[in-house]
Every structure is written in C-alpha cells, then in structure tokens.
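Paired with chain B in one complex and with chain C in the other, chain A is shared by the two complexes that follow.
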Partner chain A sequence: MTGSALALRVVAAVPLSPTLKAFTFEAADGGLVPPSGPGAHVRLFLRRGAWSRKNAYSLVSNPEDRSHLSVIVRRVAQSKGGSAFLHEEVSEGDVIEAGLPANLFPVVRTARRHLMVSGGIGLTPFLAYIAAFEAEGTPWELHHFCRADERGAFAALLARYPASRVHIHCDADLAGLAQALACQPLGTHFYTCGPALLMEAAKDLALATGWPPVRLHAESFGAAAEGGEAFVAVLQRSGIEVMVGPETSLLDAIEAAGVEAPCLCRGGACGQCVTSVQDGIPEHRDHFLDAEERASNRLIMTCVSRAQTPRLVLDL
Partner chain B sequence: MTIQFKPEETFRDDFSYANSDAAVLRFPFPFPEDTYMYSVNIEPHVPGGPSPAYDNPFDVDEHYVAECAERARVLEQDPSRCKILPHMMAAQWDTLELIMESFATSYPELFSLTREGTRWTWENRPLGIRDSFTFGDASTLPLPPFEYITRQAQGDFTLQDQREDNLFIDGGMVTTQADWSLDFDVGMTFHQWHGPVPLAHQKGVFDRALKFLLRLQFGQPVRRLNWTMTINPRLDTSPENYPQWGPDRTTVTAENVGRKVHLRVELQSLFRLPRSNAILFGIRCYLCSIEDLARVEIWGKRLHRVLRDLHPDIADYKGLTRYRELAVAYLSAFDDGAALPTGTAPRQSILPAKG
Partner chain C sequence: MLVSDIKSRPVYERLRLDRAARRHLVIADMSRPLDEVIDGLGTATAPIDHWVVAATSAVDARPAVERADSGSRVEKRAFRASAHLLDRLSHRLARETIGLRLYAVGEEGFIWNVARLAREAGMEAAECQTAHAGSLRRDVFCVHCKTITPGVTTSIAACSGCGAHLVVRDHFSRTHAAFMGVQADAEAPGEYAPAEEIFP
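For the complex of A and B:
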C-alpha cells in the first residue's frame, strides 16, 4: 500500500468546450481506484519519447465512488506541453501512469457552511466539494466567474444542483459576491480557486468585509512558476550543470537533465521538493519556507523558486 | 504463517501475560545506541527492518485475541476511552477502510473483506465476527465505524483533524495508554497535547514534527518508536485508573525486578487518511519483562547503559525514578561493557533458557 504509482486507463475523453476536456480513468488492473477526498488532486505522468511532464489536476469525481477518477483539463494557450498533450494525444484506452491522490486544498470539517468562489477551470475542486456537501447535507453556496462563451459548459457541470446555490458571473463585477460575503452565518468557511487575480480580489473583499483570515482558504498548487532571468544550477551530487532558461522552472530543468528530484505539488506549497543550497542566493517564490529559512539562503523549493545569482549550487 | 493466539492471558489481576521466545525475538527494541535523547525519529512505515513487527501496516501477534478482550473490559468499565468529535465521521470511515484493507491483505487466513460497490462483508476469524454493512452508512454497523474496527485491532488509535496549519486530536480509542488521557486531551492542538513532555519543546522537536506531519502524504505512512516502563504487564496504565497501578511502583524488589519491570515500547504509525484528510495515529504497545529482554545479549547490555545514563528529567517524566536503580543493578550483571554495534536487531535466533 505504500507503492505510489498508479496505472490508469482512459475510459472517456469528452470535450466540454473548445478548451475544456473531461477525462475519466479506471484502474488499469480492473480494481478499485484509491480513495480520495474533496479538494484532492492527482499527478499525471505524461511522456512522449524523451519529453515528460508531471501535471497535477484536481479530481472532480465524487470522492465516495471508487469505480473511477475524473479530471477536467483546460488547454493552456502558452502550454508547457502537458495540457496540449492531454488534449491532442491521449484518447480512450490509453494507460497513463499517475501518483496517488494528494490533497492540498481540503474541506474544513468543522465548518457549518461553505462559500466557494471559483474562476474558470478553478471550478474543478469545487465539483468534488459540492458532491461531498450534498451527500452530507452541509449547506453551501458557489460563485463562479467565467467568460461568457464558457458559461454553457460550466453551467452544464452544475445543472444537477439547486439554482439557488449556484451563481455564475460572466463579468468582473464583484457586487454579487460582496453581497454574499456580507450575509454569511457564523461558522461559514470561504474557499477560492482560480486565476491569482480573482483569488486575491475575492480574499481582499472578504477581509474588507471583516472575515477572519483563518476562515479563508485558497488553492495554491496551480500557481505555476513564472519565468525570470536565466541561471545555471550546479547539481553537486550528480556532477552536472543545468541551464535554467527564462521560461523554464528549476525543477523542470532538473528533470529534463534526467535527475530524479523530489516533488509533489509543483506549486511551492507542499514542501516535498525542499533542497539544500550549497552556494548562491535563491529567489524564494514558495509558500512553504518560513522567514528564518528564507533568510538563511540554505534551502530552496525547486518547483517555483529561482536564483538571484548567476549560479546556484544544489545538493542533488 | 500461523499465529498461536493466547486468548486466556490477562493484563490485570493475576497478570498471566507472557511472551513466547518468538515474541521476545520480534520485540521492537527501541535503542540503536547506548544513550537515549528525544529526536524527530520518524521514518517511512514500509515493510522491513530489524523486527517482523514492522512488516505490515498494522501488526497482529500472539496477544491479539487477549488484547481485544482486555479492550472490551476497559470500555465496559469506562466508555469515555473511545471518544470522537462529530466532524470526524469521514475519518471514522477512512479508519475502518484502512484497517480492514490492511488486515485482509496482511493476514488473509485471519481476515477477509469482500466488496460489491458499497456493500461490504467483513470477516474476523480470530474473534468470530462476520458482518455485512453498507460503507458510508453507520446505521448498518453494530457500532460507530471507528469504534467497531478499533475494538478489533491491537494498540490505541487517535484521529487528528488538520486545520489552521495545526493538528487537533479530535477523536480516539485509548485503552492501552502510558499515563495520558484522551478524555482530557480531546480537542487540543499538537503543542497542547504534547505540553507535558520535558526537554523536547526547547529542542524544537515538536515544531519540526508538526511541520513534517502537516505535509504527510496519503500512501506514504511513517512510524517512530517511543518507550517507557511499566510494572507488571499492564496495558491500561491510564490516569483515570492511577490508584490501581500507581502503587505497583512500590512493589519492585531486587528479587522480583526482572519479572516485574517491563519495557513498554510504542510502535507509533501515522497515516494520512484520504477522504477526510485527517491523520490516523496508531500507538501499538509491546510489553516485555527485562528478564526476557536480557536473554537477548545485545539488548540486555544496551538497556543497562540507556537506563543507567538516562537524563533525570526524562526518567521522572516516564515515572521510572522510584525503581530505576533496582533495574540498573539487575541489568548490570548482563553487561560486560563491550562495545556494541549500532542497531536494534537481536543478532541471535534462539534464546537461552530462563534463568
């Protein structure tokens, strides 16, 4: 039970819109898929020849049902390849390797009510949330923001739920959300997932309305490492130097060089990829290291952080 | 593999509990070195290691049937030993699923689990239990799911909810504990329930352990050993029953020390639960008299050195102070002072006859 890799067979790959595609997987051996909880994600190991990616996608399937796992993948315009690969090259019958489900965005079990704010593909974890809330009978309310041309696709995913709980907004007007934030009963928790700008705006609005920060939760694994100055990573134990280009993450560059590096969320949240820095100064972009650890410059989270110096010597 | 259970043995009154030679040799001896100090001694809970006790997620040994009977006795007298806060229902089912799947996989001759969708049938042959139920529907089980399954497992279990970047002890089944109370601790944060531990807070042990545990992953359980000592093979050394066992510490003499003083080792395991995102903490208690431990040459010598040089604050916290000197004097007879290899493996496959 401690083996971490799964073999998943694609049993359905259904386009929901020009950019959204839903994938359903079953265990390739015909057994049950592992259990998971609302907010969990699964990493898919995507490979084509020497090219490979490990991309994390929120599970949208009902966590109670172990017959299958489902994800929805948005084709990203400046895709690093993962979403384009899934959209174009993966079809029914294919077997994909995956990690066990992990959860960096769990439901707060002590909450008496759940208020969710999503943007675009950020709806996905909330589909699993809502299935769980409905099963338990916990009150919930969703505010979803999306482009007008995608309203139909998202509305279809939510069609089975009471219209009184679902609010879809196709503009940047936060007035409806502001009103909802102002009248939640005590014991409500707030969750947001989507583009960083939306999550920030929604959280700021909640704080301005007087919500305690401890009641606010934001999904963070989707925040991809953005580019920066190119630098050289020296992998001390492997005895090689890796060029990290302006558009590549340090972790991607390490993996591309064929070096196995620990990782999980690839978003600076889980702490799995923490690596010792022997020389050079990291540019920290993670949510994991504390102020003291950052100031020491002895640790780096390779998935999101970069270098302030032209060279970074790592214990890898 | 056949396990010869000892259903009649007792952990109170006449204390008929005893380890077979095989059970002594598989004891999870906790001291790889001659000295002991607190540390974050957490390692992956994967099969293998110096004792077969580590071979399965949940170990079942010759004391299984008797320990389950002892648990039932404790619960009959004090139902507050099993307590779960209402928001932990998903974690209750997680626990039932994990233990049933693990038992059925590890010990197919003893346990079986058959599933058709949410319709499950569980068979526990050593305890003569066979129940069909609907997974997720507590009304179809004779007891709440967590109590149901932990009555059928050795060792204590607690459930930790994760929120606010902290862990809260929000439930448990605790009948074989080393002097701590679930009833008192329930609802506490990680640092609160570890409050009484000396020295370790200042070393930052709990800060680092909490940070580690907050990112514990499903499918990658971890374990650590903890230890103390107990007079007589008594599982229930609870604060609630202190009047019954506290005075035992005054009964140790130079004549009976080898038989009365037991090393009490907790094989602690931590599992991220997939549905609830809670953590299941297993605290599996192993008891072995120091007389039996000294039949393993390397263990007798090492235990002598660890006890002799133990930090007095730790000895006080563990309640050893009153009889430590007697135990050290007893064990010194087995210790020639020779250098010992690092590690805990017994390095012998048979035991000399009891003195």
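For the complex of A and C:
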C-alpha cells in the first residue's frame, strides 16, 4: 500500500438512519482532494491511544468534484471497532489521516449501459457510479435491496434521479431483477455490491440468463471475515508466533503483534494482502485466489482466511 | 516476405456452442452443414439461427425450420450475398439482448466483418467466436491509402485504391477486418520480388 497519506477534515457528519452516517471531508490544507474515479474507496486511519485500524470505505461523492470526499458508514453490530469509532467519536472539525483513493471496482468504460444491484450499504460505490453516468449521459438502471425500515434513507439518497432508473426492493424477491437481466441490450455490464448471498444470487441469475462472466463485476467488502478455530501463526521473517483467537482475523492478530502486513480492502477481494504460506494448510475464505492457487496451499489472504491446521507458517 | 509469428495473426479453434447462451446465431459465408462447422449440437437447448450466404439471386426468403439432434430448433435463412447478410445482421444486433452468442465461419475477411459488427453492437469477444474455413485469400488494407483490396491470394498485390504494389503482411487488424499491406518498393521504386501464390 502506498505510504502517502492525506489529512482530511470532517466538515459534516450526518446521521441518515440509526445505523447509517454520512461523512464529508475536505482536505485539511484547504486544497483540492486527490482525484478518484467511480467505484474508488478511501482508507481511513482510525486511532485511539494504542488502538488503531485502517478501514476502507467506498467514496459516494462525484469524482469530478474535487472540493470534498464523502463516505457513508454503517455501524456494524459486531463492529471490530472501526465503524463504532466513526459513529461515536468522530465529529465535525476533526482531522483524520487517510490513504489516497484507490479503485478496485472501476466502471467498464466500453459499456453502453450499466445495470447495478446493491444490498444495504453496498449502494455506496454506485452513488459515485451514478453521478458519473448522469454526467456523461450513459444509461443505467439500479436495483437496490434493503430492509423496509431503511427504504426511506436509501430512497432519499436516490431521490434526485429518474424514478424509471431506480428500483428499490424491500424483500428477497428477485423476479424484478430477473426481468431486467432478460432484456438488457448487448453492450450492458452488470455490477453487484452488497451481502455475499445477494451477490451470489444475482450472479447466478445473470449466468442462468446467458450473461457471460466477462460482463459481471462484483465488489465484495467485508462479510467474509468471521471467526473460527483458534490457531497459531508463525511469522517466519519476524521470528515471532502470534495467537489468532476465534474472534480475531489473522491480519488483525498480525497487526496487533506490531508487524506491518500488506492489506487494502480487508474483505478478501483486492489481493493486496496475499502472503506466502511456508507450512500448514490455509482455510481459504477470499474471493481473490483462483482454484489452482487455493489448492496449492502456498498462498493465503490474511484479511479473511484462517488455518485448517493448528499452526500456519507465513513469510512475514 | 514479412510473414512471421506476429501476434495479431488470428488463431482459430473449432466453433463450439456455448451452453450458457439463451440464443445462438451461426453465420457462414456459404452453405455448410451445421454439424460440420460447430460442435455441441447434440446437447444444445437454446434455439439456433443459421444464416448463410447463398451467393445467388435465387434465394428463398422464407426461413427453413429444422431440428438439431438435441431437439433444439434450428432456423436457417439464406441471403443473396455477404453484404445482404451483414446488413441484416447489424439490424438484428441493434435489437438483440444479452444472452446471444454469435459464431462466424468462413474466409477471414467475412468472419472478421461479422466480428466487427458484433463489437460495434456492444458484444464482447467472449460472445462471438470465429473459425476459418475455405480459401486462405486475404482482404488487404493499404496502410498508405486506406483502401481494402479483397480476395488477395499472392504475396504481393496491387492496391485497388492507389495501385501501389503491397507486401501482404501477417499483421492483422481486427478493426479493419483485414491484413496490412505495405508498399513493396518503397526504398527502391520498381524493385520488388515476384508475386507468389501463397494464400490459395
């Protein structure tokens, strides 16, 4: 990950619902924020005493507008600390350190039309997408799935756009999406962002409707990292052993031990944290390694994957 | 001769029906039995359209419906000439939806014109297969005057636009659906090797 950091001043922290909060940042030095593209995210460096975390959030602001960056943060019930910290301890006027925006979920520039499916907070990258599509006049269609009690909050974020393009669903019925998938013109690309189950279902539906994989694009923040059996990670180059508890991720345990490990999305998607396994068998939970790489057991994505063996020896 | 292992030279495999498709459109530059040009007919489920260039004014405009071994519906249409077929293809693609797979078989000039229309209609390479059949003759794009000279069978050929003697290269342009031709006697006017028949 690039070492260059930004200093961002919080200019607005607005609750959108009991668990959603929108943050707007300006450059602390008063200049323009760095360039980004639709689908980009920014990593916020969150610190309180000895506790620290680097969390990635999709930018929802229009990338063309360099006056500010905006994100929307969901306060997660089993928060590992990042979202709770942002919700409760960050307010207007605070300055937060951040990485430069990076984009692991870019728009396909050759597409004639864009069809998007989001679930809950997974709407966020598409807010930037839609701003860009509207600016350049590319047709688009969004199917957003959310709980009924959050419909209002998401509808408000989309209120400025033509109702014909926006479809908000408050149930698990994919019939409307199936209908949309069956009638898209040839140049359409399909994007999903949200809970893994929704993204899988949407992808399966697209494949069953004859969509080739090359047209399907998925953003997959979070959700993959859940606990499991405790194990010991041996960091060979650092010469230390780290206990990974049942509720901690391997990456968190490595960071807590004071070892700098590469990482970016913390959701098993981007590939930044890929690490060599010297001994032991990983339990792969990422979306990045292909079947062959998984089967080799020589690589692991530390942010979401764990161990099948009591010990895992890593090149770190 | 500048023939070499240039990467742009297309490499072909046999056509194979993509079982993920909702509709197939198989296009051939002459009438060839479907099972000779494409694999997977035995297990096809989606309907198949089969368009061929008849190269005669005596075509029956009505489509003929057959059944593939799998029971899949095959609808065959004949067109007077490749220009006629390509014209109808661009209209068809403008109305098509995702789920279509396109397959083109024939001489290279023809199949890449089909592929170009597919690309212009927004199709991805993964949705359009090409396979070579028949003569090796080439459509040659003159890099000097931009004219495409069709049906070249020789190593050096006169450009039908500017008359330059062109060396026919292996360098292939998918945009132009043609091989590149460069002036053979650019350095010493009038001096070029005799033309050999190498694309029969």
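The working rule: the second predicted complex is superposed on the first by the 305 of 316 C-alpha atoms of A that agree within 3 Å, B and C clash if a C-alpha of one lies under 4 Å from a C-alpha of the other, contacts with A are read in each partner's own complex, and residues count from 1 in each chain.
Everything below uses one rule, namely that a residue touches a chain if its C-beta (ideal position, glycine included) is under 8 Å from a C-beta of that chain, and two chains touch if they have at least 3 such contacts.
Predicted model, so just to flag it, every value in this text is computed and none were measured.
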Query raised in the report: What is the contact status of A:E64 with respect to chain B (first) and chain C (second): first, second, both, or neither?
Result: first
Query raised in the report: In the superposed arrangement, which partner chain does A:G271 touch: chain B (first), chain C (second), both, or neither?
Result: first
Query raised in the report: After superposition on the shared chain, which partner residues are touched by A:R237: those of chain B (first), chain C (second), both, or neither?
Result: neither
Query raised in the report: Between chain B (first) and chain C (second), which does A:V214 come into contact with in this model arrangement: first, second, both, or neither?
Result: both
Query raised in the report: Which partner does A:R160 contact after superposing on A: first (chain B), second (chain C), both, neither?
Result: neither
Report task. Considering only touches as defined above, state whether A:R109 meets chain B (first), chain C (second), both or neither. Result -> first
Query raised in the report: After lining up the shared chain so the two structures overlap, which partner does A:P34 touch, if you call chain B first and chain C second: first, second, both or neither?
Result: first
Query raised in the report: Which chain A residues come up in both lists, the one for chain B and the one for chain C?
Result: 214
Query - chain B contact footprint on chain A (complex, rising order) - result: 1-4, 32, 34-37, 39-40, 63-64, 100-103, 106-110, 214, 264, 270-272
Query raised in the report: Which residues of chain C touch chain A in the complex?
Result: 18, 20-23, 46, 93, 96-101, 121-127
Query - chain A - residues contacting chain C, complex - result: 111-112, 181-188, 207, 209-215
Query raised in the report: chain A touches which residues of chain B in the complex?
Result: 44-46, 57, 87-88, 90-91, 94, 97, 101-102, 105, 115, 118, 136, 161-164, 211, 215, 217-221, 274-278
